[in-house]
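Same chain, two partners: chain A is paired with chain B first, then with chain C.
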Partner chain A sequence: MSPAVRRAIALAALAGLGVALLVACLGLPDFGHPRGPYATAVIPLSLDHRHVTSAVAGVTFDIRGIDTLGEELILFSAAVGATVLLRSQRAEEDARDAIERHHELAERTPAPVRGLGAALAGPLLVLGVYIVAHGQLTPGGGFQGGVVLASAFLLVYAAGHFIRLGRVKPESLVEAAEAAGAGAYVLIALGGLVFAGAAMENFLPYGTTGELLSGGTIPVLNAAVGVEVCGAIVLILSELLDQAMLRHEDA
Partner chain B sequence: MNVAPYAVAAWLLLVGIYGVVTSRHLVHLVLSLVVAQASTYVLLLAIGYRTGGRAPIFFDIPPGTPVVDPVVQALMLTDVVVEATVSAVLLALAVQAHKRFGSADPDRLGELRG
Partner chain C sequence: MSVLLLVTLALVALTGTATVLVRDPARQLVVAGIFGLALAIMFFAFGAPDVALSQIAVSAVAVPVMALLTLVRFDRDDE
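Showing the complex of A and B:
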């Protein structure tokens, strides 16, 4: 099929879909007035029942706790899948040659870039831990904080003196962190089954609402998610960066 | 009735699909898919928005303050995570395809297969 024909068919089909979507939009709740009864019902549930001030954390880790478990496992398997795909195709000798050339390239990384990377990594690490630790109180949590943590490590990778996150020891550490995070979430879900009679049910003391250690299992779940997200993102991005560098060498 | 936010979501979906259909590069295709998926963020947030509502975080506002719907925000969190992971796998596949067929043009992958 020629591109022009395909474009014409696509435009016709999308025009039809667009009209259908606009008609469907007319049946949605008026903007600014949510109709769902859960919008208001989950707030006392989060505040009084789960003792968390962030209603989003209450929904994510209590009401939709099992869904979040599934989401964790999607993240885990996607990271594993992407890693397997990217690693299967890079011949070991190629990689070793590329690393040697990286070392030469590393010398050419300008000192200000390296300095800025090193200076930003520390504060980013603290910010990431802060966001993970306050997930049940303020906006944030394991997913968001985990990405901030991962960016701190990747900054070291990208701007640092080519401290290889891949290849040597840290690689297995990253993989272990990812697996440990996913495993910890599953264990906490099972802990609810063992100690409280239902999966994901809280089995830790609730503490005082609004304090750092409150919300029962939710801060622990946030920590598990934070470790897993950080591991998964570092793993995926460092594999993709490796590919970019191998390509670069080929060219 | 204000349908503008929903129309934005519909527009993002249409533009994203158009990008996928007419794409000449696998990375462009993945990014078009990301644009199409961004429509779900706009749709979910628009459905949960309450006029004058605050963020559903009761750390510094008293209980009972009108807030936007926290359920759709949690759904969107899931959405973002799934989108990020799906793009990662698709980009890995794109790298694989380029290595195998020497081209990142989706149209040329079929020609080269036989």
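Showing the complex of A and C:
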């Protein structure tokens, strides 16, 4: 097939897709006026039933709490899978070489970059904890806060010799955190089954709506997700970083 | 629809097109990060701060770092 014919077919298909998209957009409900009954029902439900001011947290950890459990386990198995694959590709001596190479590279990292990494790591850590802890009150929660926490550790890595990563990121601790986070979520789901009669059912006191300790199991679930997500991201990134520092041709 | 929403939508269109037009993968990653930021601002303006936070986490941290590390691997294999 000549390039001209191929281009003609592609343009025709794109034009068709464009028209279809335009027609679909014209049929959308007006902005701020959803058609289904659920969007308007979920806010009083979260507020009165689960005592959380963030309706998204109410949906994620109560109405579809089991789905969130599935997502947790997907991230967990993805991190384990990536780690197993990357580790099987290299021997122990390779890993030691990689650490040395990282130290050499860190020497060449510009001082401002390292200083900035060291300066931002602390505030980011606090921000991450804040986002996780306030998941039931304001937007955010375990997933977003967990990634922010992971990026704080990443900045420590960028800071290079300013702070040694080996001391902040002991691998076994990261692995344990990831597994503990995923396990804690499962245990809280089972706790509902034991103490309240259904999986994911709340079994902790609700507290006063709008306060830091409110919403029953939701803040605990958020903390579990935060630890798990942070552990998973740090684990995947540190495995990839070790891999990137390896040079097979001169090994 | 207010001016703010239109501006954020235009920013998304602009940075999205820019991401496609940049050809060098390393530079493309930086532009893609700005595209992600534009998306996050758009979500925030449309009243979805939760989605905006997730967008920032994914497009500013997870994707660029992983893609960058993959690029390092490719460059080394080319040597």
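Quick note on the criterion: the second predicted complex is superposed on the first by the 205 of 251 C-alpha atoms of A that agree within 3 Å, B and C clash if a C-alpha of one lies under 4 Å from a C-alpha of the other, contacts with A are read in each partner's own complex, and residues count from 1 in each chain.
The working rule: a residue touches a chain if its C-beta (ideal position, glycine included) is under 8 Å from a C-beta of that chain, and two chains touch if they have at least 3 such contacts.
These numbers come from a predicted model, not from an experiment.
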Please work out whether A:F143 is in contact with chain B alone, chain C alone, both, or neither, and reply first, second, both or neither.
both
Give one of first, second, both or neither to describe whether A:I131 is in contact with chain B, with chain C, with both, or with none.
second
Of the two partner chains, chain B (first) and chain C (second), which one does A:L154 touch, if any: first, second, both, or neither?
second
Would you sort A:Q243 into first (chain B), second (chain C), both or neither based on which partner it touches?
both
Using the superposition on chain A described above, determine whether A:F31 touches chain B (first), chain C (second), both, or neither.
both
Can you tell me whether chain B or chain C touches more residues on chain A?
B
If we overlay the two complexes on their shared chain A, which of chain B and chain C does A:V56 touch? Say first, second, both or neither.
both
Looking at A:A4 after the superposition, I want to know if it touches chain B, chain C, both of them or none. Which is it: first, second, both, neither?
neither
Residue by residue on chain A, keep only those touching chain B in one complex and chain C in the other, then list them.
31-32, 54, 56, 139, 143, 233, 236, 240, 243
Residue positions on chain A within touch of chain B in the complex are 3, 6-7, 10-11, 14, 17-18, 21-22, 25-26, 28-34, 36, 38-39, 42-44, 46-47, 53-56, 58-60, 63-64, 67-68, 71, 74-75, 78-79, 81-82, 85-86, 89, 137-139, 143, 210, 229, 232-233, 236, 239-240, 243
Touching residues (chain side chain B, partner chain A) in the complex:
1-7, 10-11, 13-14, 17-18, 21-22, 46-51, 55-59, 63, 67-71, 73-75, 77-78, 80-82, 84-86, 88-89, 91-93, 95-96, 99, 107
For the complex, give me every residue of chain C touching chain A.
1, 46-47, 49-50, 52-54, 56-58, 61-62, 65-66, 69-70, 72-73, 76, 79
Taking the complex as given, what residues does chain A use to touch chain C?
31-32, 54, 56, 131, 139-141, 143-144, 147-148, 150-151, 154, 233, 236-237, 240-241, 243-244, 247, 249
